[in-house]
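Chain IDs A, B, C, D and E follow the sequence of writing; residue 1 opens each chain.
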Amino acid sequence: MNFDPMKIPWSLLGLVIVFTIGMFIRGIVPKITARAGMRIGIRFYQPWIDLIKHFSIQTSITHGVMFYLGPVFRLTGGVSMILFMPLIYGSWYFSNFAFAGDMVLFLYMMFFGTLGMALGAGESGHPYSAIGVSRGLAQVTVAEIPLVLALLSVAAQHNTLSITEIVAAQQGGISHWTMVTNPVATMAGMLALLGSMMNSPFNVVLAPQEIPVGPPTEYHGTFLGIMNTNRSIFPVAKVVFFMNIFFGGATNWGILILKSFIIYMWPVFVGLVFPRFRVDQSIRWFLKVPMLLGILAVALI
Amino acid sequence: MINPIYIVAIGLGTAFSLGLLRKLGKEFSFWVTIFALGAMAFISGHWLSAFLSHQITSTVITTAGGKAPFVIVFNMGMTEALFSFMVTMGAVFSGFYLHDRLIESGPSAMAVLLAGTMGLNGIILTGDIFNLFVFMEISAIATAGLVLLVSDFKALQAGFKFMLASGIISGLLLLGIIFLYNSTGTLNISELHSKAGVILKSGGVATYLITIALLLELKPFPANGWGVDLYEGAPSGVSAFIASSSATAAFFVFLKVLPLGGDISLRIAAAAGISTFVFSNLMALSYKNTSRLLGYSSIGQLGLLVGIAGLSKHLGDKTLMIILTLLGTHYLAKAGLFWLSGIVKNPNTDEWRSLRKSPVLFAFFGVFIFALLGFPPFPSFFGKWELIMGLVATKMYWWAGAILLGTMFEGIYLFRWFSRALKLQNNDTATPAVTIYSILPVVFFGFFLFYAGYYTSTFVPALRVMCLAPLLFILLLGLLDFLPAFLKNIISLAGVTAYIVYLWPHIQGNTFKIVFAGIFLGGAILALIAGFYRRGKHMGFYPMTMLMFLGLGILVDASNLLELFYGWELMTIGSYFLLIRGERSLPHGLSYLLFSLGGSLAMLFGFALAHASSGSVDLSALNHIRIMPALAYSLMLAGFMTKTASLGLHIWLPGAHGEAVADIHFMASAILLKAGVFGIILVLGGMGNTQPYAQKILFVLGWIGALTALIGNIGAAFQESAKYLLAWSSIGQLGYIVFGLASMTHLGWLAAYGYTITHFLYKGILFLLIGGVAFRVGTADMYKMGGLIKRMPFSFFAVLIAIITLAGIPPLVGFTGKWLVYNMILSKHLFYQGVVIIISGVIAFLYLFRLIHVIFLGQLKDRNRKVKEVYVWLLIPAYLMLTAIFALSMFPDMMLARLGRMLTPSFPEGALVWDGFTASSRYGTFNLQIIMAVIGATFAAVFLWLVFANRKAQKVKQFNIFYSGEAPSRPELTHYGYNFFAHYRKAVGFMATPLVTRFWDQLSQGLHGLSSYGRAIYTGNAQSYLYHIVAFVVVVYLLSAGGIS
Amino acid sequence: MIHIALAGGALLIFIGIWGMLTKKNIIRIIIGFSLFDTGLHVVLVGLGYLKNRTAPIVDADLPAKAASSQSVDPVPQAIVLTAIVIGLAVTSVLLVFALKLYQSKNTLDINKLRDNTND
Amino acid sequence: MKTLLTNLKKRHDITASKLQRNNELFVTVPNNQAVSLVTYLRDHEGFSHLVILSAVDWLEEEVFQLTYLLNNPELKQDIGVRTLVDRNEPVMESIHHLWEHSATYQRELFEMFGISFPTSPRMEEPFILEGWDGPPPYRRDFDTLKYAEETYFPRPGRTTNDVAAYMKEKLYPEDDND
Amino acid sequence: MTEKKYPHHKVTGPDGAEFVVTPMEDYYCQERPQVQKSSNAVIEKFYNWARANSLWIVGFGTGCGAIEMRPLRTPRFDAYRYGVNWRATPRQSNLFIISGYLSVKTLKRVIRVYEQMQSPKYVLGLGSCTINGGMYWDSYNTIKRLDHYIPVDAYIPGCMPRPEALLDGFEELKKIIIAGEANGANLYAENFDWYKANQKKIIKNWDMPDYSW
């Protein structure tokens, strides 16, 4: 498939919708967790207010060029992930630039933002930022193991790396979903998802009690606003990715919202129940059950 | 022609007349002696040149008209002339070298020298076996007399042992001679040869006694304690004489008499010789006394020659060439080393560091060592090559293996000696006292080694002249070493350019060769551009660099295995001298050298199997080896993998590379390692993947690659030194390449080639710039840096792009490698190895972030507040490579499509399909241009917006951070850099346990233990040595008795 | 007769070797060597002996023409003569060493004449 | 404790003593014997732990009273060694060589009372008052109200009430009638 | 400005060159704060609404009042629902609650943290101590009037005020912000010299830059 200029507005529209969904989820989820804690919780539009406030900050400081580039990398990473993601199956309008890459592209785009963020945080000169990054990187190296195993299992199962084709293979009812056809890989993948969603027990990266807020300690105002924008895009992109790989994708926006919300809630619920792991603990944990599940998933193909 | 009897006549006559000339002064006597020796040498040289120009044929010269043994009969043939010339020249130079001692001891000592030389000549020339006995006794007595030049106790008891031993030996010889005479009725050697049948029937004991006596003269293991003591005890000039002249003569006569004994003698010789070679080198491992080391080495070399003589039936007409090259090298190098040991005086190996104070002599020290171990361009290289080829071709695998093992042992102690001498501090040592008398022989023999190497190579048809001609250029560079560095740099650049111009027509159209030539020689140009940053003279750097690049060039250019091996060895030498330049690189350089040696020996064996299988040494011999293919391919792969530092063979790399300076690090890591990749590609291309053994090898290789990547990357994450980090990272990256190649798929090879090229680019940038930063900051410890982005923005940018490429993050070209690996994993179902590889890629983030953060980001330290940007000469090549990265990222098809076309003939299945800029495999697609456009547009939009929104942002300084309401006290305490991944180490640190290092340590300890166990044999007691001799005679007889009866 | 000579020679050789291997005094060792050497010479002559023949000395009793039929083979005789000379030389060199060794260590015990600094 | 007291009396000039509880004793010694007494107590009587070193400003007597409170963890006994330091020349021997942590107490005493302990480490460094340049604030002749009014910007209009009267007036105004 | 904590010191670079490091100039930005003007009244109103509804409090409890803030996060008070949140870094916060008495030593930290917040930023004085010293009215080491050192938008009297009072204070602050009257940051910038003089008067060992960016 070749590049069509009309793709641009449609992808941007898709992006806006995803962003809206993300903001919505970020309003709803704290509300749910608050209710779980018998609180009333925030207004569901609170993320919007916070975002506007970030952009309304009048002064700012800069520690250098990389300080700018950190949030830029971060948002670019998130936005690109959406732009390369087929959002709605069968829709030309919302398949975005999925033809330009496949699963591998997606996996490596995930690091684009991470690396940039890490560099930006490093430039700020704050030791806590570096500590947070070092923790995050260490954790991600093992959280990736079950994910990669699961993805390889799925790719081998469907004989393709293309996300669109994997979604296509899952059409025709719930019994065709990877969740059903390859349950072990799905389990491994979902456990891996826990590690990357910044929820307890894997949120020692931010750990406010010991290293204020981790990498973005020095970020504020517009910088933080951009990073917060990304927080509404990036997790949704990841969730949509999991939806496409394991849960049959979506044929319309309603399904997409429903499925992504449910997947998003999975780490949230786990986080509500389990306390935080130290880095070495979470590494050891990932090397046990999730990795074994991943190996099993590959072995069963 | 001058009658060779004059050799004897001059020797004897001068020796006697010296007593009459006593009044004319010692100096005069000395010159008379030298002149006489020269005259003797002239005679044999005269004969030799006549033989060489084919003017005459061998002649028999009888004297006094009678018949042997009543008169002396001389045979003069080409070999006799050559050996006689060698022996006499050895005497000339030894005499010259012994000037001071001879003057001190007076004319009688000179007479002894003359008589000894005369005796040795007699041994060689005589045609009569009894005369042989006489001449042998003469030279033995003369040798004892020479030993008596010193009244040192050690020398005395060594001489005593020697006399006793040679007494017994000559007794045995005499006994054998009389038995022989009894059964054949003649003493003439030529007649004896013609009566070989009779001898075999009735003269078994006789020939056994003669053979064993002559063998004992050559000091076989273990009946050689007296020989080692003699080498150790005698003055170094005399030792040189013994090691070169006496040994040469003794070996010659052994060679001459050996056929008399028939097959059984050959077998005895082979067994005794090769075991002597292996064991005396093993024994030598635990010694530090240089004379003793040299003694063991001499004995070992002679053992090797004896063994070769014993194996002559298998080697065919190559035997003489092999023997002459090995003997010639031994003769020149050993004499040179003994002379040098006389100059150094202190017998401890470590004390040779003082020799560095006279660089010329030290250079020759290196020449001798490398020549002894059979490195090119010295004659022994060709000898070793032919030897192993010949043995393996006739299925003598164990013999070949034993010889290689012995060479390895020899390499261990010789290289240890050399590298310690090269690197130990020598401030506290005195400059060695050098006189014209001591230096001239060394220099002459050293240069002659080169000439001999050249001369030998003219007889080797497989070696083209372009493998030799550049050596002259390098020699020239060596002579111009006094020039300032930038001039030499320009000259070197010109040399490389000229070589490229020469090479281009050879590789045109061959993408494989273009890729590697580009990396090797393009890398050479970049490295030399970087070299302009050097100030001062930088002695020794340029010849060795050029040697390495020449080796690499020959590697690419090689049309047959010999050239390949030649280039490989040249490259090893050159690179060793580059790596050793680091400050603390002593142990690492040594282990590099030893692993290289082991690797090249393994390769040699593999090549020999290939040659045996196909009958030719063309590169096509590597295809489908039939003889023991699994072993052959494994050995070759192991050999090449010593350079790619794959798991198990990687332990030399971190230290060797980690201690190197910027541009050397670049050469060593970005360029040199690719030589191993080149070799692996050749081998795997020949092996194919259809045979069952091939699949097993590939399976193991794939796992090695994957685990190398994992261990390399984890190791990198735990380093504190940026250079060590990069070195470990190189191990990991090479693991990727090996993994890709081991898959034997189109995509895997594409990935491997892609990695090879991109690794060269991004690692090149990292090595140059991180090295440059370390140079500016004065340390490679990352935690001592920090915040350097403010001081070195250009370096930072290049490093940033390099690590993004390395990490495989889109849209840069590194991503294509990752993508290909995924596709390959799927197509071959290599999931487990694949996951290890992919996770290694993720772990790469750990050290990459650490690298860039701890060095460039974070807090600027006080002492680095004023550091300057990295030298522009380092930035230029880095930015050239950066441009290449961007170009390849924009147009990845430029590289991948072309490589794909090259690979299609070998791997027609599963190729990438290019549609415009979209590449697709069976599994997926990518279009790097669209990816880049999308990411670029997003990036630009966000960035511009951010810049606009923060146009009034206040620029702040390093301590303007929120520090919990406090103020940071010092940058050092505010920079998180040391033990960056402490938690990670806690969790997976067990994988960084140096198990492999421990394995090699234990192996080396075991070897040394074995070696010192063998010391028990050499008690130093004359009687035990006599026991050994007697027991040797009896045991060998009993062992071979079956064959005789 | 010839067997006696050969056996005697062999005995001398073995005694010589035994002496060289077991005696601790280097002078005795040298004597052992001498015995060994002498034994060799006896064996040499013994092997060259032909029954009922005379010594190969051409003089009045033995004209040159008859030499080849009446005398024993002259070659071993010649060899022995040379060998004796050489043996003498070797022995003397050995004695020189013994002398010098004695001068430097004041002992003739071979076990004390050892230098074990082989490192 | 009584045996201890008699024992101590033999060795030092105990000017006063008071048995506070069965296991708590206070003794007073002259200035120059205090350190030797605590050394003795530490080394021979098992009082291995310095609980606190504090001071009282006896402005009227023009002395500072230092109290070394020691604890014997074996016998669960405490002993307070009191000594008097001249208020006009407040210098006392340091005991940081006996207990390292006493240096911190001594820093505090120097900062708050101006009692100097020469040779005590980091004596001159501020302890809790960063950059204090007034007189030592725990001395009783230091007028904190005056200092506060001069230094800080008191908000005008502040009134002070007698707490009891004010609460009564505010909370139970009807009781006034009684 | 004393140089006690950060003395000038001589440093030898890796190339052997010696130079002097002056920490104040080298480590810290020396700029003064600027008055921020809003460009458009309508947008500013909108922004003020957002700011008022997204009060992020810097997590710094200065006195005993800090204990009164904790209950606000419990289900009983649940300040989150008003958009009130706590951040561990002043960079991301816009509200500073001075929760109780301030000793001179703490004031120094408070000033630093306050200056590190980005404008617009608001200050709530919690408890009588911040108004006139409260029960520490005669303490030699406790400040009496917070607004002499940093601009205060609103005070919540009491000793201690209960969490409800604090919630009420948030509501009050919101009104002020929405009315566009919470100009503390600008006030600070305009009267920078006066504030600095006051601060330096009582912080005797002033060893930091005038404005901690």
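Following the convention adopted for this analysis, contacts are C-beta pairs under 8 Å (C-beta built on N, C-alpha and C of every residue); 3 or more make two chains touch, one makes a residue touch a chain.
Because the structure is predicted, anything quoted here is derived from the model rather than measured.
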Hop distance check: chain B to chain D, minimum number of steps through touching chains?
2
Determine, using the mean of C-alpha atoms as each chain's centre, which chain is farthest from chain B.
D
Farthest chain relative to chain C (centres taken as mean CA coordinates)
E
Between the Cα centroids of chain A and chain D the separation in whole angstrom comes to 61
Rounded Å distance, chain A centre to chain C centre (Cα mean):
99
Chain C and chain D: spacing of chain centres that average the CA atoms, whole Å:
109
In angstrom, rounded to a whole number, how far apart do the mean CA points of chain A and chain E lie?
35
So which stretches of chain B touch two or more other chains?
954-956, 958-960, 962
Pull out every residue in chain A that's touching 2 or more other chains.
59-61, 212, 217-218, 221
For chain D, give me the residues that contact two or more of the other chains.
none
If two chains touch, include that pair; go through all of them.
A-B, A-E, B-C, B-E, D-E
So, in the complex, the side of chain A touching chain E is made of residues 30, 34, 37-43, 46, 49-50, 52-53, 56-61, 208, 212-213, 216-221, 224
Which bits of chain B are touching chain C when the two form their complex?
69-70, 130, 133-134, 137, 140-141, 144-145, 148, 151, 153-154, 156-157, 159-160, 163-164, 166-168, 170-171, 174-175, 177-179, 181-182, 187, 232, 287-289, 292, 1015, 1018-1023, 1026-1027, 1030
Considering only the defined contacts, which chain E positions touch chain D in the complex?
2, 104-105, 108, 131-133, 137-145, 148, 198, 201-206
Chain B to chain E touching residues, read off their complex:
776-779, 862-867, 954-960, 962, 965-969, 971
Can you check the complex and tell me which residues of chain D touch chain E?
126, 128-134, 137, 142, 144-145, 147-148, 151-155, 158, 160
